[in-house]
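Following are the structures in question.
What follows is a pair of complexes built around chain A, which joins chain B in one and chain C in the other.
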Partner chain A sequence: MDVNVPDARILPSSTALPASATAWRGRQIFWTVVLLAVVFGAVPAAITATGSSYLAQIAITAMIFVILSASLNHITGTAGLLSIGHAAFYGIGAYAAALLSTKLGLPFIVTLPAAGLIAAFVGFLVAMPTMRLVSIYFAVATLGIGEMIYVILLNWVDLTRGPMGIRGIPPIELFGWQANTLLSRYMAVAVIAVVCVWVLHRLTHSYYGNALRALREDDQCADSMGIDVVRLKVEAFVVSTFFAGVAGALLSHTSAYIAPDNFRFMESILILAMVVVGGMGSLPGAVVGALFMIVLPEALRDIGDYRMIAVGATMFLSILLLPKGMLAEGASLAFVRRAFARGWTTMSGGTPVGWK
Partner chain B sequence: MIFDIFLLQQVINGLSIGFVYALMAIGFTLIFGVLNVVNFAHGEVYTIGAFIGLMVITALAPPLVAVVPLVLAAGALSGVGLERLAFRPFRRFTDEASQKSRAMREATLLSSLAVSIIAREIMMHLFGGDMQGVPSDYLLQRPVAIGPIMVATGSLVIFATSAVMLGALQFLLYRTQTGLGIRAVSNNQLGARYVGIDTDRTIVTTFAVGSMLGATAGILVGLYDGAISPHMGFAPGVKAFVAMVMGGLSSIPGAVACALLLGVSESIATEFLSSGWKDLITYSLLVITLVFFPQGIFGHGRERA
Partner chain C sequence: MTDANTILSIDGLTRRFGGLLAVSDVTATIKQGELVGLIGPNGAGKTTLFNLITGFTPPSSGTVRFAGRDVTGLKPWQIARMGMGRTFQNLRVFPNMTVFDNVSVGAVGSFGQSPWRALFNGGAQSRAVSARSWEALERVGLADVAGEIAANLSYGKRKYLEIARALATAPRLLILDEPAAGLNDTETAELADFIRRLHAEGVTVLLVEHDMGLVMNSCSRVIVLASGRKIADGTPEQVQRDPAVLEAYLGVEDDAA
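Our next item is the complex of A and B:
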């Protein structure tokens, strides 16, 4: 794909900012401000104005799934390893946070990273033997491991209380500040989600991300170009499971109750559907896909029993009519790269090559 | 001695479950063979088979032997419909590059999944989400004594039906022109097209055959367990999928052998473990197999994809 080739266009060298660069910088700032205004302005305002716990709940769920979808996109979209057991790592994170806070009484500031690290560690253990599997074999291995983790969560009653789930998980609290109201809960989740997406953005939109795309396109070729394929695959998988674990911790602390059924196979498929509908390999696509797949069933509540049929039909139609997803990878990469490349010119006044 | 008989009985139960998985796994294998895509809606075909069988039984009360052909026809129809709806739109591009493209394959996989969600929800709507009982005249749970072992009639019916269907499948694949076409398309779709095989028709036939096997498995299990629900297809679907992968994706004997292995080990495991843990056996077998045989036990070196 030509978007991965460094852009060799040469801009006039001058220390002053080219006019187009200023325009780009302006547009970039504009969009960032618009997005942040929606996430931290419009949505909280709507929650406060309506006082509806339903709206807040959907907003929180949407933010959690944005993290999940963005993290699955990192491994499946960017690194090209089809994983259909992502919900299991989400579950590990959720259970880790729930058990650490209810049994050991650890505060949120500890359980959040701990949940991510535990999920990442399990991801590392899973990745070691499965990384040499190719294509569909890897997908099936993740499916099998995902179901194994589900069976363990369901049956290890002494630790997880089995199908009864864990109740009474304390809400998010930070140095004495407690997220008791729905609005503050939403704000805490939104801040963490934005940080997660930002970290994933810096990881994927970089030379490191290009290396991941190279092994997606052809891992033998990437190997011959000096990319350490196995190490990169393991790293990508561990990063992805880390963020899934963080999402799980957020679920635990916002819903106060978790049960194994939250982390079944269908949940993995839902996350995969978000990535595909949004556009494989496109980080903005993953975010939009997650919002779409969470908001759509709620928007269709009026048609009652038919709404899951409508969700299936929408998924089908969007795959049929938008095979590259809502925000295709090529377009979104070009967008990000342009922004980066203009930034580069401002520094050296030279050629805009690749990422910054 | 008592223990031995008991174990033998569990093995027989396991084999009958294993044959059900095998019938489904063959459907997966055939369809994966011709299209290189996993058909996620296969579990729904199984459920449709069970529900059509139940509808026929409650409406007409025919003898059991007459139910099976009707279910076969329903299975073939649903297979053809599934192919038309979920798979054909994604075969617009027939060149080699798009056939091997990962995006295209993942889109097809997801479309079969979307269609399976739609089918399941429609069935939920029509029949309700609860278990439906089977009229007791048709239940296949009467025990039959063979020597010291007690075997349910259901097991015997499953053995007989599977034997007939496996025989018919072998005949179809290795003795007929259609079977030759299916094997040619699985081997190399573009090559098959070049030598004048109507690949679209072959793919439709494969779907019909695979779905007939799946639908039969559905009604047999429905009559054996005595309960049918819109969600019944999920678990055997996943197990059959696992059996297909353990067998090496493209090998029918491999898929059958692994399906039987899964069935028997699950059935024996219920003796030592509580039933909740028995699924762990299936998935551990899968992961162990993949670690030691990255291409499945009976798979041969496939093209890297």
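Our next item is the complex of A and C:
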């Protein structure tokens, strides 16, 4: 007999403060400091110490892909809608920023949000008719739209210069300060990446995030709990494409040159692989997955062309051995509840549940 | 007209699927504070009627009024948000979420959560969702497994988890869809006790079942459905003596015998 029904209704003990509130605060500060120290301390120090532009370039690329992977995780991992056209929105953001700055001379402070908003707007247009589709049909729709956007970038020569790409995109500048060195470029990209991940963290690690996860688990059932399923799916897709657009703007302004080939189907698959290897539905996993997939091929440069085989084998093995990813969703959510004090503590046991 | 105490009233509700008349001209009301059973043999149209009430299927004709408003044609989430909580016949918990997070989805549905609130000022709302979820879990006796992944719970506990999730929507009417399915006799008896206790605490319950025992022992009023029509509506004693009910359940007596 495992059904256990209490004899009398126990009064909620939930209003009491957690006994370990201060310990929690301490953990939250510890983890925040550690993460910020790595991003803004250790990595820049390594770049400065080695004076390596190669290292700085990898660090910038890694930060851009952290945004891409975290934003794809929002729609595909958390809300459960498999999108295989994420690179297209990355491309829209990149071209939006490139064209607005080279043709209209708009500053970075305008092109960055504009790139996100334009990508999000296209995302919204795509979401409206496709959100009623289920699983695999949605995936095929995003594949089709991704290819369509790639072909437009390639063939609308008057606007995009087609395969020649866009050159001479100005570097990141803010009110007269220009990110001319690789180190300052990294710092600017890192600040924006941290803000993007923070926003996704707040959205995912909340009751709003629980509603998104409920869509993935059983959207009909979520519907009968009072969740407006279609609206939530559209919101999640718009948020996801917004950040893909922001990542695109960062690529434009850090590499000075973009071409349609940066945004091909393979790029979408690479971003999806980061999410899967890191752990579907796990935001820390998406970040780690992106870092892993960018750094690993570079670390294996010594073995020449064999490295791509090694990368493929690593992905294959990681999925075989860790089907839920390097940082599984359940464990990640529990970690965030504890480490960043995002959980809600009750008197019973003191293990955080739910969200603050 | 319906009086102020009526929480749910359905009027002339009909649903056709092609040539099949699944639900035909059903009229019934449920008052606040009642514990009503809806029974019928297999294929009587219980599930279709259930889907018509909760908004999953639009009726071919007829109306559904809930909490004083015409909800015919509204979407399930709109009706749910007005205070209609439900469970599912074939257990539909969110398997990869914790017990607590499962229940919170019901509370989120009724309080509402927007991305802006999650970003900037979720505090008060989140506390309300947390407290409501915790209360619902304590009510069904699952507070001690709040942090477990729902899929790891036993079948019986998942049943109570579904009820807790529905309770977290703060329902004005709680509809239980065949809650005794898959439970043994002891578990069914415990469930009956539990439903009676919920009712005593003031929850209005509509119990859709084909387990006659559970309905006859718990409900103050029973509605009987057969071949899509309402054939009886009364106390368990009245319904059990009703010739139409006996006929539907046991078949027509053969004159030649």
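What we mean here is this: the second predicted complex is superposed on the first by the 319 of 356 C-alpha atoms of A that agree within 3 Å, B and C clash if a C-alpha of one lies under 4 Å from a C-alpha of the other, contacts with A are read in each partner's own complex, and residues count from 1 in each chain.
Basically, contacts are C-beta pairs under 8 Å (C-beta built on N, C-alpha and C of every residue); 3 or more make two chains touch, one makes a residue touch a chain.
Note that this is a predicted model, so its numbers are computed, not measured.
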Touched partner set for A:Arg167, first chain B, second chain C, both or neither: neither
Contacts of A:Pro323 with chain B and chain C, given as first, second, both or neither: first
Partner chain(s) touched by A:Val229 [first = chain B, second = chain C, both, neither]: second
First, second, both or neither for A:Ala214, with chain B first and chain C second: second
Partner chain(s) touched by A:Gly144 [first = chain B, second = chain C, both, neither]: first
Partner chain in contact with A:Lys103 - chain B first, chain C second, else both or neither: neither
Contacts of A:Met308 with chain B and chain C, given as first, second, both or neither: first
Chain B/chain C common contact set on chain A: 220
Chain A to chain C touching residues, read off their complex: 1-6, 9-12, 14-15, 199, 202-203, 206-211, 213-214, 217-218, 220-229, 235, 239, 281, 329-330, 333-334, 344, 346, 348, 351, 353-356
List of chain A residues in touch with chain B within their complex: 80, 82, 129-130, 132-137, 140-141, 143-145, 147-148, 151-152, 154-155, 216, 220, 265, 269, 272-273, 276, 280, 305-306, 308-309, 311-313, 315-316, 319-320, 323-324
For the chain C and chain A complex, residues of the former touching the latter: 54, 56, 75-77, 80-81, 86, 88, 92, 94-98, 100-101, 104-110, 113-115, 117-119, 122-123, 125-127, 129-131, 133-135, 138-141, 143-144, 146-147, 149, 154, 156-157, 159-160, 165-166, 169, 186-187, 190-191, 193-194, 201
Interface residues, chain B side, partner chain A - complex: 38, 86, 89-90, 102-104, 106-107, 110-111, 113-115, 117-118, 121-122, 125, 234, 238, 241-242, 245, 249, 274, 276-277, 279-280, 282-284, 286-287, 290-291, 294-296, 304-305
